[in-house]
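These are the structures, in structure tokens.
Two complexes follow with subunit A in common, the first pairing it with subunit B and the second with subunit C.
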Partner chain A sequence: MGHCCALRAAGRKGVRRLTPHVRLRGIDKRFGSVVALEAVSLEVEKGTIHAIVGENGAGKTTLMKVLYGSHPPDDGTIEVGGEAVAFRDSADAIRHRIGMVSQHYSIIPELTCLQNLILGAEPAAFLDEQAIEARAQMLAAKMGFSFAWSEPAANLSPAGAQKLEILKLLWREADVMILDEPTAMLSPADAEALFESLTALADQGRTILLVTHRLPEVLRFCKRADVLRGGKNVATTEVAETSAGQLAEWIVGHAMSEPVVGSFEPGEAVLETRGLTVRGDRGDEAVRGVDVLIRSGEVVGLAGVDGNGQRELYDALVGVGEVLAGDVFMEGADIGRLNPGERIARGLRLIPEDRHTQGVIEDWSLEANAALGLHRLGDLRRGQWVHAPARRRLAERIAERFRTKHGGLHQPMRSLSGGNQQRFVAARSLEFAPRLMLAFQPTRGLDIDGTQAVYEAIRNRCREGAAALVASFDLDELLEHCDRIVVIRGGRIYEPPAPQARDRNAIGRLMVGAEAGLSA
Partner chain B sequence: MSGRLITLILVSFLLVIGALMLAGVMPLDALSVLGETFRQKGAWTRTLRETTPLLIAGVAVFLGLRAGLFNIGVEGQFLLGALTAAFVGLLVSGPLGVILAVIAGSVAGALWAWPAGWIKAYRGGHEVITTIMLNNVAAFFTTWLVAGPLKAPNQESTTTAALPAMTRLPSLYSSPPFFLNVALLLAVLMVVALAIWLKRTVAGYELSATGANAIAAEVAGVNVKRMTVRAMAASGAIGGLAGACQVLAYEWRFYEGFSPGYGFDALGVALLAGATPWGLLPASVLFGLLTTSSTALAANGVPRGLNGVLLGLLIIGFAAYRYRRKRT
Partner chain C sequence: MELIFILSTLTGPLLLAAMGGLTSERSGIMNIALEGFMLTSACVVAVVSVATGNPVVGVLAGLAAAIVMALLHALLTQAYRIDHIISGMAINLVALGGTNFLDKRFTDLSRQGEIPQIPMLVFDVLAFGLPVLLWLYLKRTRGGLRLLAVGNDPDKARQMGVDPIRVRYAALAATGLLCGLSGAMIVTNAGRFTDGMTAGRGFIALAALILGGWKPIPTAVACLGFGALYTLQLQLQGSQLFGANLPSQFWNALPYLVTVIAMAGFLGKSRAPAGLGKE
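This part shows the complex of A and B:
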């Protein structure tokens, strides 16, 4: 109660700039011998959207978890509304009206939307469902959201889940809302709508901390930004006074080189599909009559909102999907009936979307994982025997390429962080002269430098005559690194007309199916 | 970490001591009985004799586990392999008969396991269910055969005729009452072969990948369905081989109630072995020792079931220990 009154008093005196809503001072946080945060200070104005930007591992999420009480700091102070606080855990932080939505949603798919909303913050031991639903409805209406409250949350789209997460914070009456990469899984249109809601919340006086790596979001919607690098706060700026280039430089610590895009002569067709139709999980046609043509030398981006057939298309190209109709040609040869092993032998490589289930065997050593999928190629086998020295050399080369941080090639894959696993998997796909590289979110979990390096390596292979298809939910990333972009929506492929081939808005409209407005 | 393991073993032993006392036996008396028993060479012969089928059947289960298959059907494959070996050994005598019997026993085991692999790969039926059912079929089928068509004509009991002396696996070393049969050497060689095969061959790599992560294996170009069928058949072949060796080395005949549950104990051996095939060696010897001990104690009034209790505790303890290690 006390801090509320203090806030209101501060507001009335008009000293908001002097008494920020949240103030962190000299925060230190170590995990064992690793210094995650070092003397980080941060001031967040009430009623604004404040961006925390930085590379993966810069300490953004850790800093937010310090504020949210789940990582008590080793040193430093936290003030909320001018009052010093020391949270023992998140429940403590929630009582002080601080809420956080993690990168990985905490929605439980088996529960209904309403049950998810109140989980952990039930108003009483015996639930009065009608009263709860009425209040939930009121909160949702205020935000312009609508939910089928008694439906299982499993039916929510990514955007719907994100909205429910935000509503959970409102249900808990959070004044300070921390959002960790909230748009990672959203389409441009859904992201836009999310920021509309966030702006409205900020205007009502709520303070929003936005952890993101998408600089356009920062520039468009945030008031101020703090940049973290290597656990330190390296810059604090009014967003109006900076630029994307400046922010990127702060983030990586050096000036960025411009990627080379589109400066090549496409060669022979490497991948061609004709009328490819693939069955989805639910027995429907997840991919419908897709024709794509990718030529030697090309890096083609596959844009689209999650769940529009990307997964099934990739499965079919790799040889594990259930093709209902159509043909797949690789360098002129019909590979539609070949199994994955035979396709790999012809030079097909995959950077899978779901690294844990498709890309690595976590119990195995890095060395054993290095050969996974390549194990029948080149010098990795001698007749029916594994050629261990060649495999060791391969593992060293793979770990070297994107500087995978590891504690020895005999360590199990699970000992690596997600980003380092991704480096390893991406590097593996470049081995043994690939002809066709299928990459699905190839830079997931990578920092800016890592992203740059992976795309550069893919491009180099394409210069040598390979071709690449890169699927991503991040349109900006595709625009930056691909020669050409096609859109998948509802299992069909759409190509933006030539004058708008690189037009962000035009492609965004294709992604959500609003192209009707284009032709009108 | 290993302190925790020692605690675990100690607790198991304390529980067993408690159970002994509940059964009305003083633990020290039990110990002295055991000491007396193992001073005799015969006890070691019995221990190694028990170890042999457990080790070979353990290899069968272990191979299945590495491919992600829980082959509970080793018991049935063991019975089929044993009966087939006895049948072939009675048809063809001499060393050739021994070799043919071993091969026939393995083939019978493989054929008995094959449907479970096929159903798993192409119809999605779980191998635990199918192999348990096949066990029952195997038990009744072999009992019927040995009670009817294959019954020795001049015998009261339901048994085949005995194999002639020249159609048996010989002793490698004998100084009565101590015998070491060739079958045990064969069992150890199988462990060595399995260890090398899994680690050093492309097929072993692909089989392990299938067991560790079938989806990743498929994307990596492994024909997972075919691998599943083959791994199940190979596991069954080894289970059948275990039965054949039991007939050719120790029993020299097949009879009703041939297996006291070697196929099931082999599950424990394989689970206790942990991550590498080498663990099968101490695990099977431990099982053998406990079986011999419980026989000796049973003569002094300790229920045989106690053996199972101790094994159960050990397996649960090891499983818990390994699971913890995996998580952290």
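This part shows the complex of A and C:
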């Protein structure tokens, strides 16, 4: 089997320079009246990592779904290995050895790791568990991964899930691997490890299509890049011949301005915790004796690897976590016993980590979602009722702020793309004079322009006297946009010493627990 | 011996129907129409057996009728996106009215004696062997894995190249088959069709399925438990228990009561298939 594949790969290698592994020509795709892709062409060389970059809604994911067969194109041709193909569904694409890892993963948490691995590509009608596990183990060992095969996939960390996704592609012997924003949920170290794996796979002759908005990844790991904007392919370039600035300009269509972090005078304490200890999911202490002080005017970044207590800290601050000990003060008042509604009334706002489950009610309209949580504030409250005209004005304001693309405020929230939902949720948190904004990955799924706009808006609110705590797994983003960075590790807060307050490496060491100075 | 015979006769239909419910709900289609499938089958078995004089033809016709009803449920919920509960209700009502009509129209009232039957033992063997087979199917076969995957997350399953619609139609055909067997077993045991003769056993089977956490073996154990309750009820009917004469309605309500109490506290988190009833 392996031998035969090697032969075939060698056969292709001979014509590699003449025929790209994947070639899309003149791809058109419309959804109703919306043109998602217009005459997009793309050539991907075998054995390389090829980047597809662009803003949200530029058509990156749609283009990849065209190649993966889940969105058959309205016009245009697809060639794989020099052969014209037409996919009716993903199963067709899989047969042509194309695999895709979507942004939200396709792992089913209730199934075991092994079941997830083989789903849709089972070797036979009757499953020989031992043989399957042996092959799985072999594939995993090759990549340097290890899995508890019979454990439910629900127990996997985001990085573990990502590894399993890649292994799924290998299980299917995919030659063309499409990865949609693969590092969105990974820590810097895990992202680094992922790219190590991807580079190794490319060296073995696999072709990798990387959809991303993180330009450093493109510059470090990719060979070529295509830039999409507004459903059109606006640039194709060798990565070696371009720069981050140039790419960013292509992506947004105009030159970028540097964000202004700027100086300011920190004012009174807005948020203060003393010895805050919070119970975690497993009954352990996920947050241990945390003292945080955030002053009026400040945007404080909370850096840390996923799962180090960020979630529990936020839950406790919002008023839904189980506080075991310690106090929370907001503008001098003890809010430890207040429920979330009372905290919101005092000016606390949240941009939750997971907009789907925590930020919006997807079956409700945009208008109803606009007032969610804010329904007792300002002109929204009309006795026991929510004032409908005020709510409509609010929804208009929210949709306007970050230019949420929507088909009408009466449409259900689920009709919006993920990025647009995020814009909406972020904009909502800025309404009715917030005092303390708690943001958890506030730009998740947003493009460069959107990210800039959201941080700028948060900072403006802070300069007006509010304060913000922003948690993110993307340290670069925090360094770019926050006034000060603290690190959370193992439920404790660490602050880099003043001279290294913005030193990426020093903060990185704090995140993983390598004491500063020891390894430097 | 007598007791074991009664127990198996009472438990068998529950087992068959509960396993039928399992394939449906595991595929993500909520199914309160088990009762309707069973009733349809029971009636058609009786009518066709008498008409042809051949019990095998009768049972096959009953199975076919139940499968058609089950596929109708699949069609309504999948192609027409009707709420699963509403579709199930409709099918139960159609079954109740339809069998009443069929029975009245085709049963010769002057006819004496029972309908032609195939031996109960056949049903017993099927009913008690099935949970183990189904357990193996879910654990050890491609079809079983795909069934679990589709029931938990049809969209992700589709991404992996599995066709959820096909899996669901196949699962519902199995539901029809098994509920059809259940209905055939009931009418075979009774010897003739009477109106509404399944008497809520489709719902008891559903309760067992929920109690068993949508897993074949625990569900079968729950069915056995409920079967034992029925048996006990028959034995104790009219006799004093703890000095009180419990009405038969109490016994009829007991399986539901047990299920509600179990759901409320003792099982903790719900373990229903994650995609149940969605799309």
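Here is the rule we go by: the second predicted complex is superposed on the first by the 464 of 520 C-alpha atoms of A that agree within 3 Å, B and C clash if a C-alpha of one lies under 4 Å from a C-alpha of the other, contacts with A are read in each partner's own complex, and residues count from 1 in each chain.
Quick note on the criterion: contacts are C-beta pairs under 8 Å (C-beta built on N, C-alpha and C of every residue); 3 or more make two chains touch, one makes a residue touch a chain.
All figures in this text were calculated on a predicted structure; none of them were measured in a lab.
Asker: Look at A:H375 in the shared chain and tell me whether it touches subunit B only, subunit C only, both, or neither; answer first, second, both or neither.
Answerer: In the superposed model, A:H375 contacts subunit B only, not subunit C.
Asker: Answer with first, second, both or neither: which of subunit B and subunit C does A:T357 touch in the superposed model?
Answerer: first
Asker: Classify the contacts of A:E129 with the two partner chains as first (subunit B alone), second (subunit C alone), both, or neither.
Answerer: second
Asker: Give one of first, second, both or neither to describe whether A:R463 is in contact with subunit B, with subunit C, with both, or with none.
Answerer: neither
Asker: For A:A121, is the partner it touches subunit B (first), subunit C (second), both, or none of the two (neither)?
Answerer: In the superposition, A:A121 contacts subunit C only.
Asker: Is A:S106 contacted by the first partner subunit B, the second partner subunit C, both or neither?
Answerer: second
Asker: Just subunit B (first), just subunit C (second), both, or neither: which does A:R220 touch?
Answerer: After superposition on chain A, A:R220 lies in contact with neither partner.
Asker: Return first, second, both or neither, reflecting whether A:K405 touches subunit B, subunit C, both chains, or no partner chain.
Answerer: Touch status of A:K405: no partner.
Asker: So in the complex, the part of subunit A that touches subunit C is made up of which residues?
Answerer: Its residues touching subunit C are 70, 89-91, 94, 100, 102, 106-111, 115, 118-122, 124-127, 129, 168.
Asker: Can you check the complex and tell me which residues of subunit B touch subunit A?
Answerer: 199-206, 209, 212-213, 215-216, 218-223, 326
Asker: Would you tell me which residues of subunit C are touching subunit A in their complex?
Answerer: Counting only subunit C, the residues touching subunit A are 140-143, 145-146, 148-149, 152-153, 156-163, 273-274.
Asker: Mind pulling up the subunit A residues that touch subunit B in the complex?
Answerer: 318, 320, 339-345, 350, 352, 357-364, 368, 371-373, 375-376, 381, 384-386, 388
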